[in-house]
Amino acid sequence: MAVLHTTNKSPLQTRDLESCLRLTRPGCGILLLEDAVYGALKSAEGSDMLAEAAKDRRIYVLGPDLAARGFTPEELIAGVTVVDYGGFVDLVAEHHHVQAWV
Amino acid sequence: MAVLHTTNKSPLQTRDLESCLRLTRPGCGILLLEDAVYGALKSAEGSDMLAEAAKDRRIYVLGPDLAARGFTPEELIAGVTVVDYGGFVDLVAEHHHVQAWV
Amino acid sequence: MSGTQAGEGGNSKVKRFMIVNRKAPYGTIYALEALEVVLIGAAFDQDVSLVFADDGVYQLKKGQQTKDIGQKNFSPTYRALGDYDVEKLYVERESLQARGLAPEDLLVPVRVLGSTELSVLMEEQDVVLSF
Amino acid sequence: MSGTQAGEGGNSKVKRFMIVNRKAPYGTIYALEALEVVLIGAAFDQDVSLVFADDGVYQLKKGQQTKDIGQKNFSPTYRALGDYDVEKLYVERESLQARGLAPEDLLVPVRVLGSTELSVLMEEQDVVLSF
Amino acid sequence: MKFGILVNEGPYQHQASDSAYQFAVAALAKGHEIYRVFFYNDGVNNANKLTEPPQDDRNITRQWSALAAAHNLDMVVCVAAGLRRGIKAEILAPGFNISGLGQLIQAGIEADRLVVFGD
Amino acid sequence: MKFGILVNEGPYQHQASDSAYQFAVAALAKGHEIYRVFFYNDGVNNANKLTEPPQDDRNITRQWSALAAAHNLDMVVCVAAGLRRGIKAEILAPGFNISGLGQLIQAGIEADRLVVFGD
């Protein structure tokens, strides 16, 4: 069972997402929540880094956090899955353990 | 009278110092305190950005924060001045106003 | 406390106050509590301006829907700032561009300034409050 | 609370706990309070390991002198971890290098791992606590 | 499945406690068990019963208390982190208990998954 | 010179309050006046009199109270930020006063410099 990673900071503000990508491996899942959802926007600088990661990792975005910030799933980079809190719970249950990149 | 800017985050962790440098002008003073002192270490990646800024801005490092973190003034990039809390107070008094990049 | 004498609306000294917003909304409270400072600054008849830079520009993004995170959507307050005579809203061009945003994406009309112009404006202030 | 039955030193289940430190000391409290979790984890006879990555590697820097900031220097505690049978300390090579640090600059002997090795090790854990 | 939840930030300043709460609600709605919610670091401030946010805002402490009452949740405030920050029995909201850090380790041992919410 | 100080983070979790305190001590030692210390955001948590850190650690709240007593400092806790976080009269440490956000603006007007300590 793969590992689920969570990260909650905007990659335009901190380097947490960079570290998360450097220290995780193909096959894992990465859930972006809170301010981290900005990192998955097509329009934002640096989202190519995440688009690249999406080729061999499953990237998830917490929908309620995305909506709160005024964006829609259509504005996300390709290959990203939007989940709600119930989906977050399912992801945690489906993975071996969860690691937070706070 | 020039403006004093303060910043307190490690540039290896956040982009606050980058923003501070982009949004300040030659002639200003920049005081690095708390975790921001790491940004002025010769040994740390990215301190060339600060070395470049030191050419036309006065860069200060809060000595007590540097010592707490196990480094000495000799380990800082050239052109940086170390001050104590009294020096911090003097800097605030000598500048027109203070802007924090928190 | 000499400060308590000069009440709302009756203050004789006027200073240039700038509130600098560099953080996204909802992930932290800074955006919301900075807005309260803006309103009080205006009530004290000060010359208040707001800057949005870095992730702070996201505070002004249209279409915020906070129901599902259980937080109050306070973004309509930016639209009400004019009623409090707060009209100086500045957004850094570089921050907007890095986020692929245009002025049309924002809730209110703002003045978009390049980083150099903005840094000049910041230097002209008397008091800068950063959140 | 079923948890209260299994006391210190008498726990039958053993899990692999990893405490991940990615923040510098003193600027925030996370390093200090993470260390308290490590000690309790060891007291509960769990298989505890520590990772230092990003600015977390600065926690182990030799020569910390905190007198002038008024905080307690807690770095000697890392040296005492061996007394609690906490011996698995891992540092990410890339984080060390980005900060121009070598193992000799650190307070305690550690195992230096590349990011790929370290990511494998993280995946092998049962519980990961990040501070 | 049994979940443990660790909350490391206080209410309002960071979204961590909100996210943890929404996660807990969703987990319970799906029929999972919450083995324990452990409040550490500034997370202990979630247990301050004196909180009184504006009427049009959520009351995070009361949300946790209500969830605990409805689902018999075990909510533990770290005694050491609480003492440091002044969260003691006299201001503890309903449903929160003060206990040692061992309760966090125990949650790690007994729960199937431990989810960390921080800054 | 007259300084105003704004503290936006609580004690311990971030260094902001420590830095602000050291700055205040140094300013007073140099003969400057502290017009006011204003506690906003999580900064209000500095005023919780119940804090009881380990014996070998500093007690930040008590440090502020002692400084206020020695120098007749005006230390103001924002009422709205305090209510939101449960910092009310019943747990207010000596030397702190609860008042409105206008006191921050007033400090900006009256002080020669306003220094912000945050995260």
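Labels for the chains are A, B, C, D, E and F, by order of writing; each one numbers its residues from 1.
By definition in this document, a contact is a pair of C-beta atoms (placed from the backbone, for glycine too) under 8 Å apart; a residue touches a chain by one contact, two chains touch by 3 or more.
Note that the structure is a prediction, hence the values are computed from the model and not measured.
Enquirer: Steps needed, at minimum, to get from chain A to chain D via touching chains?
Expert: Minimum number of steps from chain A to chain D: 1.
Enquirer: Looking at the contacts, which chains touch chain B and chain D alike?
Expert: Per touch definition, common to chain B and chain D: A, F.
Enquirer: Call it same or different for chain A and chain B: same when shared residue numbers make up over half of all numbers used at their interface.
Expert: same
Enquirer: Would you kindly say which chain has the C-alpha centre located farthest from the C-alpha centre of chain C?
Expert: Centre of mass proxy via C-alpha means gives D as farthest from chain C.
Enquirer: Name the chain whose C-alpha centroid is farthest from the C-alpha centroid of chain E.
Expert: Greatest centre separation from chain E goes to chain B.
Enquirer: Suppose each chain is reduced to the average of its Cα coordinates; what separation in Å results between chain A and chain F?
Expert: One centre to the other, that is 38 Å.
Enquirer: What whole-Å value do you get for the distance between chain D and chain F if each is reduced to the mean of its CA atoms?
Expert: The mean C-alpha positions of chain D and chain F differ by 33 Å.
Enquirer: Compute the distance, rounded to whole Å, between the mean C-alpha positions of chain B and chain C.
Expert: From the centre of chain B to the centre of chain C is 26 Å.
Enquirer: When you check chain D against every other chain, which residues touch at least two of them?
Expert: Within chain D, residues 26-29, 54, 69, 71, 126-128, 130-131 contact more than one other chain.
Enquirer: Which chain B residues touch at least two other chains?
Expert: 8, 12-13, 15, 34-35, 64, 84-85, 97-98, 100, 102, in rising order.
Enquirer: On chain F, where are the residues touching two or more other chains?
Expert: Residues 8, 12-13, 15, 19, 22, 41, 57, 80, 114, 116, 118 of chain F touch two or more partner chains.
Enquirer: Taking all chains into account, which pairs touch?
Expert: A-B, A-C, A-D, A-E, B-C, B-D, B-F, C-E, C-F, D-E, D-F, E-F
Enquirer: So in the complex, which bits of chain D are touching chain E?
Expert: 1-4, 6, 8, 11, 13, 15, 17, 29-30, 33, 36-37, 40-41, 43-44, 46, 126-131
Enquirer: Report the residues of chain B in contact with chain C in the complex, numbered from low to high.
Expert: 2-3, 15-16, 19, 22-25, 28, 96-102
Enquirer: Taking the complex as given, what residues does chain E use to touch chain D?
Expert: Interface residues on the chain E side: 6, 8, 36, 40-41, 74, 80-81, 100-110, 114, 116, 118.
Enquirer: Quick check on the complex: what are the chain A residues that touch chain C?
Expert: 8-10, 12-13, 34-35, 38, 41-45, 63-65, 67-72, 84-85
Enquirer: Give the list of chain E residues in touch with chain F in this complex.
Expert: It is residues 10-13, 41-42, 45, 48-54, 57, 61, 80, 83-88, 90-91 of chain E that touch chain F.
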